[in-house]
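A, B, C and D label the chains in the order they appear, each numbered from 1.
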Amino acid sequence: MKKIAVVGATGYTGQELIRILVQHPNVKVHNAVSSSNSGKSYASVYPGLSKLADFTCSADDIDTLCSQVDLIFLALPHGLAAKMVSKDVLEKCAIVDLGADFRLKNAGDYDEWYDFTHPNPQLLDCSTYGLPELNREKIKSAKLIANPGCYATCSILSLAPLLKAGLIDESTVIVDAKSGVSGAGRSLSLGVHFDECNESIKAYKLGSHRHTPEIEQALNPYAKDSLAISFTPHLVPMNRGILCTTYGSLKKKVTDKDLFDLYREFYEDEQFIRIFDPQSGDYKYPETRWVKGSNYCDIGLSVDKRTNRAIVVGALDNLVKGAAGQAVQNMNIHFGWQESTGLTHAPIFPA
Amino acid sequence: MKKIAVVGATGYTGQELIRILVQHPNVKVHNAVSSSNSGKSYASVYPGLSKLADFTCSADDIDTLCSQVDLIFLALPHGLAAKMVSKDVLEKCAIVDLGADFRLKNAGDYDEWYDFTHPNPQLLDCSTYGLPELNREKIKSAKLIANPGCYATCSILSLAPLLKAGLIDESTVIVDAKSGVSGAGRSLSLGVHFDECNESIKAYKLGSHRHTPEIEQALNPYAKDSLAISFTPHLVPMNRGILCTTYGSLKKKVTDKDLFDLYREFYEDEQFIRIFDPQSGDYKYPETRWVKGSNYCDIGLSVDKRTNRAIVVGALDNLVKGAAGQAVQNMNIHFGWQESTGLTHAPIFPA
Amino acid sequence: MKKIAVVGATGYTGQELIRILVQHPNVKVHNAVSSSNSGKSYASVYPGLSKLADFTCSADDIDTLCSQVDLIFLALPHGLAAKMVSKDVLEKCAIVDLGADFRLKNAGDYDEWYDFTHPNPQLLDCSTYGLPELNREKIKSAKLIANPGCYATCSILSLAPLLKAGLIDESTVIVDAKSGVSGAGRSLSLGVHFDECNESIKAYKLGSHRHTPEIEQALNPYAKDSLAISFTPHLVPMNRGILCTTYGSLKKKVTDKDLFDLYREFYEDEQFIRIFDPQSGDYKYPETRWVKGSNYCDIGLSVDKRTNRAIVVGALDNLVKGAAGQAVQNMNIHFGWQESTGLTHAPIFPA
Amino acid sequence: MKKIAVVGATGYTGQELIRILVQHPNVKVHNAVSSSNSGKSYASVYPGLSKLADFTCSADDIDTLCSQVDLIFLALPHGLAAKMVSKDVLEKCAIVDLGADFRLKNAGDYDEWYDFTHPNPQLLDCSTYGLPELNREKIKSAKLIANPGCYATCSILSLAPLLKAGLIDESTVIVDAKSGVSGAGRSLSLGVHFDECNESIKAYKLGSHRHTPEIEQALNPYAKDSLAISFTPHLVPMNRGILCTTYGSLKKKVTDKDLFDLYREFYEDEQFIRIFDPQSGDYKYPETRWVKGSNYCDIGLSVDKRTNRAIVVGALDNLVKGAAGQAVQNMNIHFGWQESTGLTHAPIFPA
């Protein structure tokens, strides 16, 4: 049994990690760190995990933790992890950071997009982007894994095959993304006060969402030129789920079937990717309900023949494949375990 | 007091008409026609209108109605109105059709998009597209008013100023639209069974939604070439509201302020259009919650500088400005009344 | 046109008042007082009221206001109004307080239920409980009107006829109440953070909710002995609406029809009360959807023959008949206007 | 590996069974029977189970199935199972019926409450009521297990300790129950059309819900006299979850702590029952969110001192502990496995 620490254990992402880890056969949660809830029983913060997570929150710092555990998950607001992690820490244990602090390779992007100057830019070279479907080999030997953002995971997985195949004009890529409210976390703010977002939909951060450079960076290896995409997030009145509707102008004529075959082949060996058949059945495109509680990313495809655009729709659970599930997937790769260990939860519907 | 008939009075659109008409100072509902509820009291079908709509549903046919009333609203599934309306009927009373049967000018579009051959194609020339903000003068003298679709109203009002100004490359227009569930009506189907759509979002009818040709037809007068847009509707787990996020590549550099000024000027005299200022305040873009229950269409603007795209976001209540409210607005124009008569409902929030 | 001030104009109750008042034919909002938003335009706080409430929030104090306006609505957290109102103020203008500070006649109840010592207990004798259906005559001449609580309004209207008729054992009265989330107001707290209450139901404040003594006080005149009821509130994942399911053991055998007749007669002349017929139709009992946005209180009835209990179900919109609508109803009575002036909004459905 | 058949595999309850069974280590789904979807792949009916339930729906009849499998789950509308099951079938395999057909011992109750005459009343004596916490020993040897209703499970578990202790006046028991919409199943009806139940709450079947006699029958062994309770169900706009607020007048003075101790002791060894401490923490009472997706039944307690009533609140997931989870728990007991096998899913929150 590997010993694990979760730092930031009482945010939604931290709690989702705890939920998955207490059911994982190979690990034990050794420390659930929460500065705001230190000393409280975990179940007093999340009664749903009573009988399952019967430990107490602590305020342990990372320098102590790294000598006690085999791997630390960091689930913190951006800016905190960048200050905590050091070469010393990384020599003693592995880190999976679920925040943004080690995702971008260009330190200047933090100034531009995140409004802070990265305190440890040299670590950016040591970090590995933890998107297993595209980056599995590097993750195997990584000590510092930067777990992708929720929107980013969905966008990248939806677009990579299309870009790699050189099928679309790279200057035409648009991602119109929709997220449930849990993506905003457990911190209070007026925008996610129940009555302010229930029964309404809005677009936000037009042209300025922080996952934009992350998506571009991850897709650039598949593009001929440096990508610049339009990314528009929307807030949807539901707890969980992300749907990305992505658009790109096709450089040649292809059919729905061509796209279906392309994606099926690209993700042939991926157990967490499911490609919907646009030509058959009642359910031709993904819906967030079909992935809830699971580590799946579902992808659907359509050619808009009148405009010769490809439209690719991706769906995932923002707290699982978009955060905690993918982090555990990265942990499994790190320890050399079967990648789905502890991640076999079937989607729960209706829920 | 003008006498009014509503045919299809017990669908959601019909009921919204009744709600507005019973509060309208200049009209009286003379006939509430519902083939499925004929003989029942209206309040037994919609108890919320008890004490307000204390009349009985009838099964009157249009040939009888047209001699009894001054104006008939038709709120029917597509294909029915096309068979009912005739030159004879139109000589006796005005018609506002809330369905699609008289919206498209090209009869062949019905075969292509609606899977039926229009039985009265000659009437398509007599009908007037009832979007007051763009077509007010023609509506004044129209006898057959084709009330626009909900998605179409929102898309057209969002894009018209941009196209008229010649600012965007017409081949790049994409409308990513999101709708509440009431757009699907009161007829039972699995897709709008509570547990099947609650807490989930999906895209549907990719590249094939029937409002596509309607949007193109209405915007063509503002475009240099014949428009072909990509239109993608999504179903959002909420009762009411439509949000359209529209994209177009700019042909020259403009600022948020330029777009704001353009739209403010374009809609300067329109009491039902509100333009959001992208440069100030906590609420820079429209949200469906701000229009619920009202006849407003709110519009917001953003220039994505990195990609030089204009992003215009429109929001309206699909049952009011997207259907019954706009139909009453058309009626008011037809009778020469102040356009906002009976349409002064403030948006209701939170609701 | 009477001049009106709303103090606490940017909470949900205050905003609902503004929504109703800007559509009211006989009044003008002279001051919208909000300490937290002073100096801001009202529409920047609630964009939905743009074009309708184009005034600026102020920080006027009550001593200034009372010389400027004819009536002041106070929509404040409990404890504040008690300190503001004075005999001097009441000599200059009328007050409708939507909070709890003048509802209870026994000053000691504030210590017991509200955890504060009332600073102006002598004013409790001057205040009039503003439930028009039971207290209309006194309201006509009142200067200080204590607008009832949302749960209290629904509970009292549901139970009064049964108690007045002496039909139930007074020691058996239970009110199991359910409320939408807007009852908790716009102030941030974890319990009404979207993800914490969406898709879940809970009971809260068992045996200790502050509307309990208010209900008992209002119903005591109809009871033989001093009432002691069990009141259990629940939080329901919806924006608006209160449903009260009330129970009492019958002292003799009665039928559904008997109860229906009793209630119809009791509320015969009340335009805002609708009694559902338990014996006919598809909709035998109230549902909150049928009253949304309106000032109605709907009531339904059933005799549980096996246990010989009466079950009375009441439904209202907590922000309208449960707060702002009833406050305007009281204002109308105060000024001698038709009671429904400005309150003729039809319920909006689906919404 | 035991072979299992699920008859009625494509209703919500059937699907929840499939979800649990495909993750259960000791069983294999041998037949997924669905008359309406026979011949279709299971994943085409529920795409969320693609890659997990890659089998085809069949139309096998029970006489065939009973020779092929070790246990059959029946998840059918009431009236069907009663005709299917026979002594012959029961000799060949075990049956867990999730419907109502074998729950009531008194055949006349089916005429009275279910409007049908039971075709196999002699089987009612052979059936065992499958509520493990109260009936575990009998279940071990049962061949025909009648899985309890969702409301019934929650009501019975909430009230049994109180009744067994003789603490409450049996004539005063009231259950005010609230359910999510999935309890109504996947069959279309207007009442569970999205817009008809979203954002609203209603009471229904006052004094006439079919779980009433089931609750009374199960609790009668703990009561001195024959129980007659008032049971009022409500429909809450959420997918999953049941909350029962139960009332009973105390025969003597007890404290919250007394009740807490009583319940903790009563359910001391029960791994699926969690008792909330009314005296400590932020979460004193159950909420449906804490049990979603899990087999837990959470129970909370309060003494309303002013009225000397006990108020006990129970919460469970209607599709898990209220249906499929409890059915699997019964299967585990039947086969002599650890009772929690395949039922260790942690609750999922927020979801």
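Operating definition for what follows: a residue touches a chain if its C-beta (ideal position, glycine included) is under 8 Å from a C-beta of that chain, and two chains touch if they have at least 3 such contacts.
Fair warning: this is a prediction, and the values are worked out from it, not measured in the lab.
Where touching is counted per the definition, the chains common to chain C and chain D are A, B. Between the chain pairs A-D and A-C, more C-beta pairs are in contact across A-D. Centroid to centroid, with C-alpha atoms defining each point, chain A and chain C lie 46 Å apart. Averaging Cα coordinates per chain places chain A and chain D 36 Å apart.
Looking at chain C, one finds that residues 12, 182, 195-196, 198-199, 237-240, 287, 289, 292, 350-351 touch two or more other chains. Against chain D, the residues of chain C that register as touching in their complex are 171-172, 174, 176, 178, 180, 195-196, 198-204, 206-207, 228-230, 232, 234, 236-241, 243, 245, 247, 285-289, 292, 300, 302-307, 309, 311, 313, 350-351.
Those residues of chain D whose C-beta lies close enough to touch chain B in the complex are 12, 181-182, 186, 188-190, 192-199, 237-239. Chain C contributes residues 12, 15, 19, 22-23, 44, 46-52, 182, 199, 239-240, 271, 274, 276, 281-283, 287, 289-294, 296, 298, 344-351 to its touches with chain B in the complex.
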